[in-house]
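Chain IDs A, B, C and D follow the sequence of writing; residue 1 opens each chain.
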Amino acid sequence: MSTKKLQVGVAGLGRMGKRHALNFHQNVPRATLVAVSSPDAGERQWAAENLAPHGVTVYESYDDMLAHKGLEAVCVASATSVHAEQANKAIEKGKHVLCEKPLGTTVEVSQTVVDAAAKRPDLKVMCGFSRRFDASYRDAHAKMQQGLIGRPAILRSQTCDVLDPSGFFVAYAQFSGGIFVDCSIHDIDLALWFFDEETTKVKSVHAVGITAVEPDLRKHNDRDNAVGTVEFYDGRIAYLYASRMMAAGQEDSTEIIGTKGKLSVNLLPAENHVKIYTPGGIRQELPQTYWDRFRAAFTTEAVEFTESVLEDKPVPVKLASAVAAVKIGAALQESMIKGNKIWFDEQGNRTEKAQL
Amino acid sequence: MSTKKLQVGVAGLGRMGKRHALNFHQNVPRATLVAVSSPDAGERQWAAENLAPHGVTVYESYDDMLAHKGLEAVCVASATSVHAEQANKAIEKGKHVLCEKPLGTTVEVSQTVVDAAAKRPDLKVMCGFSRRFDASYRDAHAKMQQGLIGRPAILRSQTCDVLDPSGFFVAYAQFSGGIFVDCSIHDIDLALWFFDEETTKVKSVHAVGITAVEPDLRKHNDRDNAVGTVEFYDGRIAYLYASRMMAAGQEDSTEIIGTKGKLSVNLLPAENHVKIYTPGGIRQELPQTYWDRFRAAFTTEAVEFTESVLEDKPVPVKLASAVAAVKIGAALQESMIKGNKIWFDEQGNRTEKAQL
Amino acid sequence: MSTKKLQVGVAGLGRMGKRHALNFHQNVPRATLVAVSSPDAGERQWAAENLAPHGVTVYESYDDMLAHKGLEAVCVASATSVHAEQANKAIEKGKHVLCEKPLGTTVEVSQTVVDAAAKRPDLKVMCGFSRRFDASYRDAHAKMQQGLIGRPAILRSQTCDVLDPSGFFVAYAQFSGGIFVDCSIHDIDLALWFFDEETTKVKSVHAVGITAVEPDLRKHNDRDNAVGTVEFYDGRIAYLYASRMMAAGQEDSTEIIGTKGKLSVNLLPAENHVKIYTPGGIRQELPQTYWDRFRAAFTTEAVEFTESVLEDKPVPVKLASAVAAVKIGAALQESMIKGNKIWFDEQGNRTEKAQL
Amino acid sequence: MSTKKLQVGVAGLGRMGKRHALNFHQNVPRATLVAVSSPDAGERQWAAENLAPHGVTVYESYDDMLAHKGLEAVCVASATSVHAEQANKAIEKGKHVLCEKPLGTTVEVSQTVVDAAAKRPDLKVMCGFSRRFDASYRDAHAKMQQGLIGRPAILRSQTCDVLDPSGFFVAYAQFSGGIFVDCSIHDIDLALWFFDEETTKVKSVHAVGITAVEPDLRKHNDRDNAVGTVEFYDGRIAYLYASRMMAAGQEDSTEIIGTKGKLSVNLLPAENHVKIYTPGGIRQELPQTYWDRFRAAFTTEAVEFTESVLEDKPVPVKLASAVAAVKIGAALQESMIKGNKIWFDEQGNRTEKAQL
């Protein structure tokens, strides 16, 4: 094992950017965080206080950070709307890229990253689908591959955020691509992973949604609760639920149902091993955010991305599947807004209605 | 409280008929099982051995049983295809009726029972949606009504049977009305109950299905795994899963998600309070059949039906909602087979596409 | 199967007496409740309203009830202090007896019932250790007997009541025999059952106790929280906890640990299948009383006692083990109060200290 | 925050030593592992391959490691029998010390470390009670301190290892101090922590034990299953169970019962969030070792020890409580072997019997 350390920069220092920066700084022994960038003065101030003392250079301009001497890899953790552009620039400059999901809110934009990466097979380019790095999901996937549940046929998965009474997610909806592209993208990626992304092909999607707590989402063609169904040509179904109004905490759970068994992941979320007995019953607390639930997965993601670069191994998640996920997510979003069922032929093109 | 006992007859002595007969015989203090009927000689033989010694008369002909002296009420537990006919005959003869679900496999047939009952307001006629009598569902419904979860907006519910390797359910599919009418009817009824059947109106339904273990089901236009979505005009969604291939046992679970909280029922099924620790982990066993899970609910159902007759109170489940449930179930089945989304206008008529 | 019904009388109409009376009246198809007795006018008034209309005769005097024409069996559910006396009278009059636990608060008193029963082998006399009739405990016991956990070596069991702020249990302590005789007797009985009451012999007992919420218990040589250890000669240990101050509900749980596995019963109590999600977490409610938890077990107990009489089969719980349980319970209580460890020789006599 | 890194050496490279070395190397951003020592050639070979490439010097002699240039702190992770000696040498040489539990197997030996540390108040000396660094235990402790459960009165805690069929623990018992000093020491420490080690005083201890699977343990005055009771002068009780024969995995659970509520930690252990549904039921896997369960706690322990040195803050666990724990553990071990109950007066001296 080489003792060389990967020189990493993080683009964006918002909520997720800060976390990625600290993650690379503290939890990835084989990487060194050398630079960060943000157009936001307040975010740069945070970095000046928390990262600069440890030798991290703080940039206002992303382009300037790309020119940082010795920089080898970039973690793109900025707003979704610039993911693709920043990833593409980094690739152009010969940097390895770990890009937060999604690559973009449309298939077209997302595909540009795949195309850029295709021209530079020497670079490692990965879209960070964090759940693939979670110990529980990995355990479930391994058990499935060992045949424990026979052939997986049905996948139920949900990404449900605790209600944020500030209404932050209304403004956020303007750029997020909508609830299916922003939240359910994780569940779609899980379906592609468990159903084998190499071979499975989407046949139809259908979705409905409501605004139970935040009617203003309709201005941005979004909903706060949404249910989607994805049918695949090989006789499998994924059905998804996304919500912005959980009361108790973050509830991201998944069931994979096969011909001989079932695996569930996080069916009954818990913050830790404590149970609280008081008048009223026995209670367990929940993680309150996606990060709280998947903190360790983000570390594993960064560690393995780093390792794939340093040891020149394939990245653990193929880039193409990120486009496949956006394709399904965007179609679900469209179905939810327009009310129609959307069909694809076996080549992946939109079609009027599939042969049943 | 009167000490008079209701004289009850049970029609049909198949799997469910035997259970209903024993239930009325053993568990309903205010009822006396006086007669049973079955066209099947083997079933009558069982009754001759198990019920006749306790004073129960065994009939081959349903009509003859209806003429049994002193008979006041009939529990229709025969094949679904004769539910409506037998219920209607009983009503005509002035008998109170507890009819197994569904009233029929189509709206038209089901409606005949409602019409017949309407002519005899002196009689108690109820369709036995057993889950409404389950202590856990009742507790959840009461908590919802107390406002614990705000306004209920999303209902997820599933009725999932353990895999029966005999393939019994293939032949059964010929007459059952299909998986949405036979299984999901319970979940649909729950949606009507929790969303308030008096006011909620279905807007659209959509379903997909697969045959993961039993391709022969396609001969009867049925599937072994099915996912359905039901949209309501008041901004609510129910989404349903039904399956015939559970490995571990009967898995009937429900979540009701409101604007301020959530209630789940039987998310992680358990046969009892025992956990088994062996190499491999900690294990809990599951009920293997619907009856095992809802045995006590069937008793409560019979007890309360009996009470409603003896004390001339309204039956606990309104008959009309049984037709509403079949309407949704049959539309889901059609959507699954044909592939199209089905719309209803606010008057409940089929329409091309609703105004979004 | 005979269709004859057992004519049963219930002695005592306090909290438990009412329950036993209603249980025999409503839930035991092969028994008929024909008489009840209570020296308390208020209790008799309750019976006059709730039982007399169904043909049950209400007596002030227990002796008079014993003389009720046709009476065949008595359920003794009166105060613990008269259990033995009433049981013995019933036996003398040739009645079968189901006696609430414990037979008495001392070995001597309890033994009188065994002696009386020994003279009338034609009668069925049983002490009602309700947990032996609980479906979960029975499942655990059957699994143990099948060898699932190897040889059982350690049993942990607790009987923990929800805090009754009325302080009722202080007055109650005067006659109950103390927390080990009143509560832990169930756990001791479980140890005898799982460790095989035919062969296992107690070697030593030790206990400590505190008054965390009710110092007045000390007046009656009792405690509100107590921990006891029971050592057996065949190399097994039972350790017990009893409490009067649970906050969330009734918590009666048991673990049986064997050389190859473990079984737990009710480790995490739940009232039903509902979980409640609100800010603060996911919550489940608990049964609030012993009866709420073991209601069905009391029915099974009454049904099986009735069957043992009607079909002249051995009673399901041997009477002698009730004396063995009191012996251990009373010794634990003494150890807790005096502070000393108490030893028994292999013949069951008190001894200074066993040979180690 | 200083960016200086603490120069750490690890003594001992056995099972725990390797883990501590890798832990300081990979997971403690503010520490640098600079040296390790082991008298065992095989262990040094492992270090030569895994640590030396990263700049870690490997020593055969502990004394030589202490002389390593720039070394500031030592983690003592060698055999229990040399814990105290190595800790004392390090203190003498002016090194900060993190010592694995227990300091020694007797009070006398353990006290030497406290005495040595007392002479060097400039040094940070801590005994590593890992559970105090576990997120769940910390959450429970914080909730208790907030008053959520009233006054804690009863603590039940167990440390139960999965059965190691190699019988390793027989040889190990020769030096471990016995099951109460080796395993239950964790539970005793929890009792001291939750009951407030500053004020609570032990009054009596009593223990019993058996050899259910490994009779050879008797040669070393040890047992494979043991139950102990610890009574405190302020009216509190801790009761403990330790075992070497769990079938399913590591089972370390704790309940803290207060006058107004209860907290449980890890009552139903789980390896992760996965549940497995197959014929036979729903199953969850367990951590197989103490390290698997408490891996993150060991990291927190090392991080906080490092921080206490770098920032000259008090260590998070007071050294004196490590002696108090050994005192109770050794007394329990003695009680188990000799069969007697052991009493202490309020000054902590052995006494014949306390005033009750």
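Keep this in mind: contacts are C-beta pairs under 8 Å (C-beta built on N, C-alpha and C of every residue); 3 or more make two chains touch, one makes a residue touch a chain.
Fair warning: this is a prediction, and the values are worked out from it, not measured in the lab.
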{"item": "Most distant chain from subunit B, judged by the mean position of its C-alpha atoms", "value": "D"}
{"item": "For subunit B placed onto subunit C, the superposition rotation in degrees, Cα atoms, nearest 5", "value": "180"}
{"item": "Intercentroid distance (Cα basis), subunit D paired with subunit A, Å", "value": "39"}
{"item": "Chain centre separation in whole Å, for subunit C relative to subunit A (CA means)", "value": "56"}
{"item": "Where subunit B touches two or more other chains, by residue", "value": "149, 246-248, 260-262, 267-269, 271, 275-279, 285"}
{"item": "Partner subunit B, residues of subunit C touching it in the complex", "value": "1, 3, 25-27, 29, 53-55, 135-136, 139-140, 143, 148-149, 260-267, 269, 271-279"}
{"item": "Touching residues on subunit C, where the partner in the complex is subunit A", "value": "246-249, 268-271, 275-286"}
{"item": "Footprint of subunit A on subunit B - complex, ascending", "value": "149, 151, 153-154, 156, 204, 206, 208-213, 225, 227, 229, 231, 235-237, 239, 241, 243, 245-248, 257, 259-262, 267-268, 338-341, 353-354, 356"}
